[in-house]
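The structure appears below as C-alpha cells.
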C-alpha cells in the first residue's frame, strides 16, 4: 500500500500530460474548426473544397489511424514529431474536423432575418459576420464545443498506444510494476471523470456569462 | 414636377417555376407615402425586398434617386451592379421588418448605433447622441440599456424603426410592421409612424393589412394581386369606391373578418 | 331553471411565483355560448386548459355536468381524482387549439377517427362514416385523404374542429382558433363555428380577439383582467356600454388598432 | 517513403480477416447500444428519483471517461469479481455501454422534440398513456432518430481499433501484427486508414439519404 | 567521422527505448527508470561522453518502427537478436541473454514442454507480446495465428492466464520469474527453459546507417565486459554475464 501511494505520483504526472494534451489539442481544434467551418461557407469554390476535404478526411479515418500515421509514417517522409507533437496534431486535427461542422451549423442556424437586417443596415459581409452573426453563433456552438472538448479528453487516452506517458500509459506502467490492476484503473477513471466535469462546468459558466441579456434576464 | 425617386420598370421575379412579379411597373414621388395592399401571396413583400436588394430581379429595370439600382454604368455600358454599387445604393434605403429582426445580443443603444459607426465611421459619442434623439422620438429613450428580449413586441418594433432611421435613408420601407404584435400593442407603433409621416419628408412605402391605418396614412394606395398592380388611387377612391372586382372582393372579405376600413 | 353544466368555484392557479388565476368563479348554462375576452396574459387560455385538465389547479373546486372534475367521491369522502376519473370527465369536453395540433403523421380521416376508435371502441367503418359527416359539415370532405402538411391553416383548423366533434363532447372549448391564420382564411373557420353554434345545442366557450365575431356569436361575454372576471354581460352591454374603466380602456385600444366591434 | 505493392498483396488476406471482426464487433455493438440507450432513456424518465438519478450519474460517468480505459477495466478488472468475458464479448459490451449513453440522448431528444401540443391534443382526444405513446408520440419521434443513431454507429465503427488493446484481432490489431512481423508500418497503416475512409465516405452518403428520408432531429 | 555521436554529445543525452518489462526495465515508485538494459546503456553512453539517457517506455511492436522513424537513438529493451531483426537494425554485441519460459497453471495440466506441444493441442492458446520473439517462435512451431494471443504487457498476460483465457504465457525466463514473484500465486508454474527454443541475447539496436555509433558502443561494451563491471551491473537483476560473453553478434544473427 505504501508502494501504491508512491506510484500515485506517477499517475499524477500522467494527469499533467493528459491535461497538457487536452489544452493544446483544444486550441488547435478550435483554430481548425473556425478555419474549416467558415471555409465551408465561403463564396470561393477552392476554399469550400479544401475545407470539405479536410473535414471528411479527418472525420472519416479513425483517430487511431491518424495517430499511428503521424507518429510512425510521417517521419519516413522526413517530418519527425515528438510523441507530444504527434498527439496534439492528431487530436487537434481530428476533433477540429468535428468542431468545424459545429461552427458551420451554428452560423447557419442564425436566422436568415439577421443576415437581411445586416443588408438593410448596409453592413458589409465581414462586418455582419463579425458583429452580428458570430457573436450569436458562438453561443450556439458553446455547448457542443464543450462536448467536443470532452471527446478530445477521452481520445487522449489513445496516445498511450504511441508511448506518450499520459494517464492511461502511466496506469499501465504502475500495473506492470506493482502487479495491481484494480487500483490504477479505478484511479484514472475517476481522474478522467473529474476532468470531464471540470470541462463541462467551465463551458456552462462561460455560456451563462455570454447568454446574459440575450434571454431577457436582467444583466 | 420633380422626378420620381423610385422608378420600377417592367420587373419580373420568379421563385422556381412560380412567377411572383410579372412585368410590374410603378413610380414613387419624393416624399410620397404609399400603401401597398392586396391578398396574401400577391407580391407586396417581394417588391419591398427587391428594393432593399434582399432579392435579385429576373428582368426589368429599377432606378432609385436618379441612379440604377441593379445596374451600373461603366464607359457608357450598363453592367450588372457589383457589391460596391449595391452598398452605395443601400445608403438611400431603410427597411423595417415584420418580425423586427433586432440583434438579440446587443442592447437597444448598440442596435441603433452599430450601423452608423461601422458603415459611416461615425464616432461613438456622435452616434449615441443621434441614437438618443431617435429613441426619444419613438418613445424608447428610457430603455436604451435594455436588451431586446426584455422588450414587448411593440417596443421592439419602435427600436427597429429608430435603427433604420439612424442611417438617415431617403426612402423607408415598412413590411407589415404591426402584424406580429398583440392587438393592444399595435397602436403605439402606428403612432410613431404617424409622427414620422407628419414630421419628415421621407418617402415611405408601407405594406399592411391594417386598412384603417392605410387609409389615414397614405397619399396613394396600390392594390396588388398575383404580382401585378390591379388598381391604384387615392385612399378614399380605393376604399370607398373600388373599381375592380378583385379589389371589391378583397375589401369585403377583410371587413367580414372584423377589420375596420 | 336547469342546473349549470360548468361550475367553477374560487379556483386559483400559479406558475411559480406568478398567480395567473386568483379565486376565479363562474358558471355556464347548458347550451350557452360564452366569449372570454381580455388583455394578453389575463388567464383566458389558462381557464380553458384547466377545464381540459391540461393544467392542474392549486385550489378551489370545479364541477362539470354534475360531477366533480378534479375530485371524486369515495365512501362519502372527497379525494383527488385519479387518471380513470379524469378520463371519464374528459369525454364530456372537447378542445380546439390555436395551433391546430393535428397529428402530422396521420391523414385527415385518421386524425378524426383515431380517438373514437381507440377510446370508445367504435368500429372503423362506423367511425369513418361519422367522420365523413363531420368533415362534410366543416367543408373538408374532399380532403379526407390529405396529410395535414398539405392543408392551409384554415383547412387545418376546420379538421381540428371535426376531430374534437368526433367524440361528441357536451362542451367545446375554442382557444383563439383563428389568431394563427392569415386574415383571408379567418372567415372560413368562423363560418364553421357560426354553423356549429346555430345547428347544435353544445355548450361552447370561446377565447378570441375577434371582437366582431364575439359580439355576434356569444350569448354572454366575460371580460378577464389579471386572472379575474372584471365585467360580464350581454355582448351589446359589454361592447357598447362597458361599465368598468378597464374594459373601456381595452376596447378603445382594440378599436384604435383597426378592429371592428 | 517507399510503397511496396507486392507487400500489400501479401498482407491483404490477413487484413481482411481483421475487417470481418471489425464489422462483427460494430454490428453487435450497435444492437447493444440501441437497447442500452433505450433502457437508459426510459430509466432517466422514471418517476422514481433514485432510479433516474443513479442511472443518470452512471451514464454521465461512462460518457465522461475513455472507452479504452473502460475496455481495460472490463477485460482485466472484472475477472477479479468473477466476471470472465472472452475478448470480443468484452469489447462489444464496452462499445455497447459507451455508445448506449450517446443513443440515450438521441432517444431523449427525439421524444422531447415532439411538440407539447401533440401530448395535449392526445389528452384532449382522451387517449390513454399507452395509446398516446404508441399512436402519437413514437411514430413521430422515431423517424428523425434514425439518422442520429446511424451517425453514432458509424462513430463506433471508427473506434473499434481500440479493441486491439484487449487482444481482439480486429483490423488494427492485424495490421499491427503484420507491421511487427515485417517491420514495415507504411503499408498496413495506410491500408487501414484507406479502409476507414472509404467506409465512412459511403456512410456520409448513407447518412444524407437517411436524413433526406427521415428528417433530422432539431435540437 | 561519427557525426551521430557528436550530435548526441552535443545535446548531452541519448534517447533510449525500453520495454515495460521487469527486470529488463524497472520503474521505481518515484518514476525513476532502472533495470538491466537501461543501466548498461547509461554506463556505456557516459563513457562515450554522452552524459545521460532519456528513456521512453514503448511497446515491443513499436520499437523498430520508432527507431526507423528516428524517435529513439537506440533500443535497449531485451529485443533479442534474430536474423530478420539483424537485417532491419544494427545490433551491438550481445548484452543480456535469457532462455524462453512458459507460465502455466499449477501442475502443467496440458503438459507443455515446447511450442510444438502447444501447436499439437488444437484447443490450446498461448499468449505472447505482439512483435516479440515468443510470438514468432510459437508461429514458427506451427501454432495457428488465432491461437497465438497478442498480449500487450506482462501483467495482462499473467492475468489472462490466471483467468483461464490462455493456457500458457511465454516470455523470457527472468521476466516470467519477476511476474510470478509479484503475483505471489501458488497456482502457477514456470516451465523453463522451453525445450527446443534457443537461448537468445539482446543487444543495443541502432538505426541502419548509425553503424559508426554502434561500433563506438561496441568498443566500450567490450571494455566493460572485460573489467568485470558489466557483471556487476546485470547480475543483481538475475542475468548471467558469462552467457553474454560466450557468444557474438555474428553467431546470433546467422542462426537459422
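All chains are identified by letter, namely A, B, C, D and E, in their written order; residue positions are counted from 1 within each chain.
Please note the rule applied: a contact is a pair of C-beta atoms (placed from the backbone, for glycine too) under 8 Å apart; a residue touches a chain by one contact, two chains touch by 3 or more.
Per UniProt, the chains are A = Ectoine/hydroxyectoine ABC transporter permease subunit EhuC; B, C = Ectoine/hydroxyectoine ABC transporter ATP-binding protein EhuA; D = Ectoine/hydroxyectoine ABC transporter permease subunit EhuD.
Quick caveat, the model's predicted, so the values are computed rather than measured.
Where touching is counted per the definition, chain A and chain B have no chain in common. Within the contact network of the assembly, the step distance from chain C to chain E comes to 2.
The chain pair sharing the most C-beta contacts is A-D.
With centres taken as mean Cα positions, chain E sits 38 Å from chain A.
Remark: chain D and chain E have CA centroids separated by 38 Å (rounded to whole angstrom).
Distance from the chain B centre to the chain E centre is 83 Å, each centre being the mean of its Cα atoms.
Shared contact sites, meaning residues of chain E that touch two or more other chains, fall at 65, 68-69, 152, 159.
Touching two or more other chains at once are residues 76, 165, 185 of chain D. If you check each pair of chains against the touch rule, the ones that pass are A-B, A-D, A-E, B-C, C-D, D-E. Within the complex, the chain D residues that touch chain E are 14, 76, 79, 84, 86-87, 165, 167, 169, 173, 176-177, 179-181, 183, 185. Interface residues of chain C, counted against chain B in their complex, comprise 39-40, 182-184, 186-187, 190, 209-213, 250, 253-260.
Contact residues of chain B toward chain A in the complex are 52-54, 83, 87, 90-91, 93-95, 97, 99, 101-105, 107, 114-115, 118-119, 147, 149-150, 163-164, 167. In the complex of the two chains, the chain A residues touching chain D come out as 56-57, 59-66, 68-69, 72-73, 76-77, 150, 153-158, 160-161, 168, 171, 181-182, 185-186, 188-189, 192-193, 196-197. Chain contact summary for the complex, chain D toward chain C: residues 115, 117-118, 120-121, 123-129, 131, 135-136, 139-140.
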